[in-house]
């Protein structure tokens, strides 16, 4: 069965709200408007004002409220219309949610999910196109998920809601409307994916391509193209950015001896940087036949100009060409 | 002549305020109280209410005000009591200051300096000990400086104030009271250091140690100790995190064939990660006799407990041991 | 024609003020023509923008100002050349009034090279002399506006800054933070809350415990204005400029207005309000229609004259639209232009590490003179 | 002894309230002894903390509550066991009142293992049942407090949350944001502004355009209280609890109080105010001295009895201090304990990549029951 990412997220929310009375949704336009991107469609009608709460445009305030409610044992799902706006609230995310469990020596849990679209959409300009994956992955105390397709979204959002720690859940607006196959298992109420485990989306033996979120799509497209040229790329969907499943990557590299990372975020101190550093620090390093390479968003704010915007993010061609360069094929 | 980092910063501010009427300081306790850490001591007395402005505890608000004033052509120096509090204002730093020049296609400059102590101090707990170097270095549109000693602070703060772009200037509270030698040149009004250039603090030939801020001190101490064992480490003080002076690092690595990075910030997607990734992507990679290694803060929020706090940050011994490991000496 | 005529505005509501703007005012024939022309141009441009969006030539967001024209035009009428303005993403109209011609606005919307930000900014990010955008982050422009006003005071000009925000943005904490500082330091900032009844799909009453926005500056004086009447807005804005320039510090105007379109083009705008509500405003309170009637009745202008203006505007905007559609985008090399005013690296990292792009400087700063 | 006695408090000032708390109240002998004991213990603990700081055994920050005891003790007197409290970094007194014994507080301050957060939190981060800290970020605790109150309402208890903040924090935008939401949603939150006259070195008047903090909740009802009178605080707090539990939504209390020490121990606290000012408050308005006089005069207690209590408290606190100094810190392995409630990695990265540390779970959650 095919399901859009949006519907997968929606069903994860719906199922977890049914399962656990403590789960509620808070954010802008999540209730009566059905969500700015319709992820929460129908939930207000079904669960009412108490459990689906429309807020004023006050990210810092409602985030703090959500975190406080989590401290009191509820299970808030705090939606940002986009993660760009969560910057207004990031002190509450890092300092109140991320650090309290540690500061209290394990006495005050903060079971909360912060979710919303992250990274570049299309034509929304510099202020609405930033990827926050690297920022959140930098910070201990948080768990950070960057799912790709519908199964990821359903299984990981459910896991995030059930998790007793604060989880940052980075969605992608462009993928909301895309359909992906859902296994029977994934359609069930019990479908939960493990946080912190990557998935091999496509096995291969010549090169490992590691990506998260929409860059997984880019990588898979590239892998298809490469396949037609006899190059079998192993595509790893990170799924989680913290913890980062380095073992799956190193195991793959041990097999393929080549590594490319692909992300839409900025390069400097990004997710690719972390992966390359970890590889260099690990045994896997000695398996590399060539240095690993990052493909990232260009190191610039996002322009509105369509052609420039397209040039600012990695496309399959970039992956294909870098692969060929690394494998020294024409 | 010896001068504390605090006095070096103070004289940079003083000189630039004298030099340029448009320069003013805004922040909490910067005026009548002489600065929470006394960096602005005497400036309010000298320049008055107009140019040294005490604000209420409203980081988001006064940052926005400072950025707006910069857009109007003034040269604000916006002080945060610590950079932890700048999280409340980070939307204004990134979205208003960092992106406006690009979004306006080069029409609206934002010449502003954001400064204050960053990273771990001593015994101030989890919420007051975070290093924001990696976060800011991630973001194009900003320039990011992380100075080490008094000369750095004076020369780079003056450069930052004169720079037409938004500059994030990350100081270190523990170093404020430390004295460092100042050359005659550094004592002059014209002393300006180039942003984006690293400094070789100590030449050496066996290993390259790259650090920023207080970790430079750690590295220099380690280098001294190593020297007594016949190992000459080249210590590079990054000074700027964006742009990152990779050329100085690669040139050094070409000579020493070994690399360690040292930072107090968290590992994941940190500054060390970026350096390792760039090395792997560059020619310098082939000069490495051993994989490069990061030394970082432990991947945990900062505990108050003294012994744990000490264990959470790299000390010279860590650098010495890792060097010996890499160089395979006992 | 009459050269001028007297008009009566709706009563203002006052907060922390003994006396407000006068409710009787005089309008000259020239100003009548000017305001009509301005409002009509803005409306026309937005209609065109809406169409371009539907044609998928404008991408991303597109927040139309239709219905709210009297606010911008009325305020602009009270400003001096050295006063600053900053607003949110609903910025097309203001960009034009502050000096960007229709092509500059429409080409920015289509992302083409004649856009006032060369097509790089997009719908929410337009700039020109004394106009600082255009901001995509709700509330962020308000502190920036106070900073602009602080700079005017600092430099010793008698300039003010008008900082506009919506009823939704009025709940943002940073707005309260700068209310306090502006008042504490007597900053010549005119806060303008454009209350169009909704922040996206949320009605004012669902978002605010106190919807009398003109009172929400606490000790800052406030004035409620019928924001559908350009003359009421002008009088209040003049009053506000006087207030600020006489050293009394900031003032807060609430302009009661309405947006006809959805929040952005992707919002049909009818799930949280009825079509009847929209229709009713259009028919009874439209800022352009009502102004038109007034000035014709007062014999300041003739219907024919206005029709001629309409035709002229239509052709200007159509022309601009055509150009904004047909034009080229800036060349690819500008992807890495103007990231920094003073670039220190020369080379910007590309998608891969091996093909860095040169950094270019192109734009000429409007704020460095 | 009398078993109870009537007292008169200073007049309350009201905002958006028809009727406030009664100014006449009755105090029982038991309560007199309780409040005295509580206030005195807090004072004593803080004195001890101050000394430990000077001995460099307490590191970093140390914000003393001395002078403000009547606020916490008065509020605590009005709370039920299921009510929540959250405050800022000036948290030692509250931690004790909510259930942490002096050793738990003092050992947290010295960073030793009997600290209520095992010495990991430090001065600003103490927690116990229904007490959620302790927060080092000015203003941050206020939204959290509204969230705690929301949770009470959500769960259908009739619990309230008391969210305390300073006059400096009162200017924070997030405070206004949650004022609005709390009112909009009728959240049972009691906002308490402890106005001690200064935010660090900045007097209230230099930081706020409106220093009548009890009015700054706009449409939220507010009460000004003499925060040096534990009975006035108690009456107002009772009134506030009633207000919240009767479904009227939030309420805002401003407690006028004073801090004797510097902002934190590193601040001498005399550059922005005079020694005379401090002396004057100590002599004329000290919350403990004045309460002591009152209850002795009313014959609720005898001076001897109080002296005995003093002695007892002194010895308890001295004992705790000694232990807090002598005790061990938690073992090094706890550096990587309790980062996560459910750790997924097993190993936490150490300073170098080759010696990862195991993650441990140690603390028992107070909020999962």
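Each chain carries a letter (A, B, C and D) given by its place in the written order, and its residues are counted from 1.
Quick note on the criterion: contacts are C-beta pairs under 8 Å (C-beta built on N, C-alpha and C of every residue); 3 or more make two chains touch, one makes a residue touch a chain.
Everything numeric in this text was worked out from a predicted model, so none of it was measured.
Novice: So which one's got more C-beta contacts, A-C or A-D?
Specialist: The comparison resolves to A-D.
Novice: So which chain is farthest from subunit A, going by the mean of the CA atoms in each chain?
Specialist: Chain centre farthest from subunit A's centre: D.
Novice: Can you give the whole-Å distance between the Cα centres of subunit A and subunit B?
Specialist: 30
Novice: As a quick test, compute the distance in whole Å between the mean CA positions of subunit B and subunit D.
Specialist: 36
Novice: Per the centroid of Cα atoms for each chain, what is the distance between subunit A and subunit D, given in Å?
Specialist: So the centroids are 39 Å from each other.
Novice: Where in subunit C do residues touch two or more of the other chains?
Specialist: 118, 120-122, 125, 135-137, 171-174, 177, 180, 184, 206-208, 334, 339, 348, 353
Novice: Which parts of subunit B, given as residue numbers and ranges, touch two or more other chains?
Specialist: Expected reply: 56, 58, 60-61, 84, 88, 91, 95, 102-103, 125-127, 140-141, 267-268, 281, 293-294, 299-301, 303.
Novice: Which residues of subunit D touch subunit C in the complex?
Specialist: Where subunit D meets subunit C, its residues are 171-177, 179-180, 183-184, 206-210, 215-216, 218-220.
Novice: Spell out the residues on subunit A that touch subunit C in their complex, using ranges where they run on.
Specialist: Going through subunit A, the ones touching subunit C are 28-29, 32-33, 36, 54, 56-58, 60-61, 84-85, 88, 121-128, 267-268, 293-301, 303-308, 311-314, 318, 321-322, 325.
Novice: What residues on subunit A touch subunit D, complex-wise?
Specialist: Within the complex, subunit A contacts subunit D at residues 24, 50, 53, 55-56, 58, 60-74, 91-92, 95-96, 100-109, 111, 140-141, 143, 163-165, 194-196, 243, 278, 281-282.
Novice: If we count contacts the way the header does, which residues on subunit D are in touch with subunit A in the complex?
Specialist: Residues 84, 86, 117-118, 120-122, 125, 127-128, 132-137, 140, 142-152, 154-155, 161, 173-174, 177-178, 180-181, 184-185, 334, 337-342, 344-345, 348, 353, 361-369.
Novice: So in the complex, the part of subunit D that touches subunit B is made up of which residues?
Specialist: For this pair, the touching residues of subunit D are 59-61, 111, 118-125, 135-139, 168-169, 171-174, 199-202, 206-208, 271-272, 329-330, 332, 334-336, 339, 348-354, 357.
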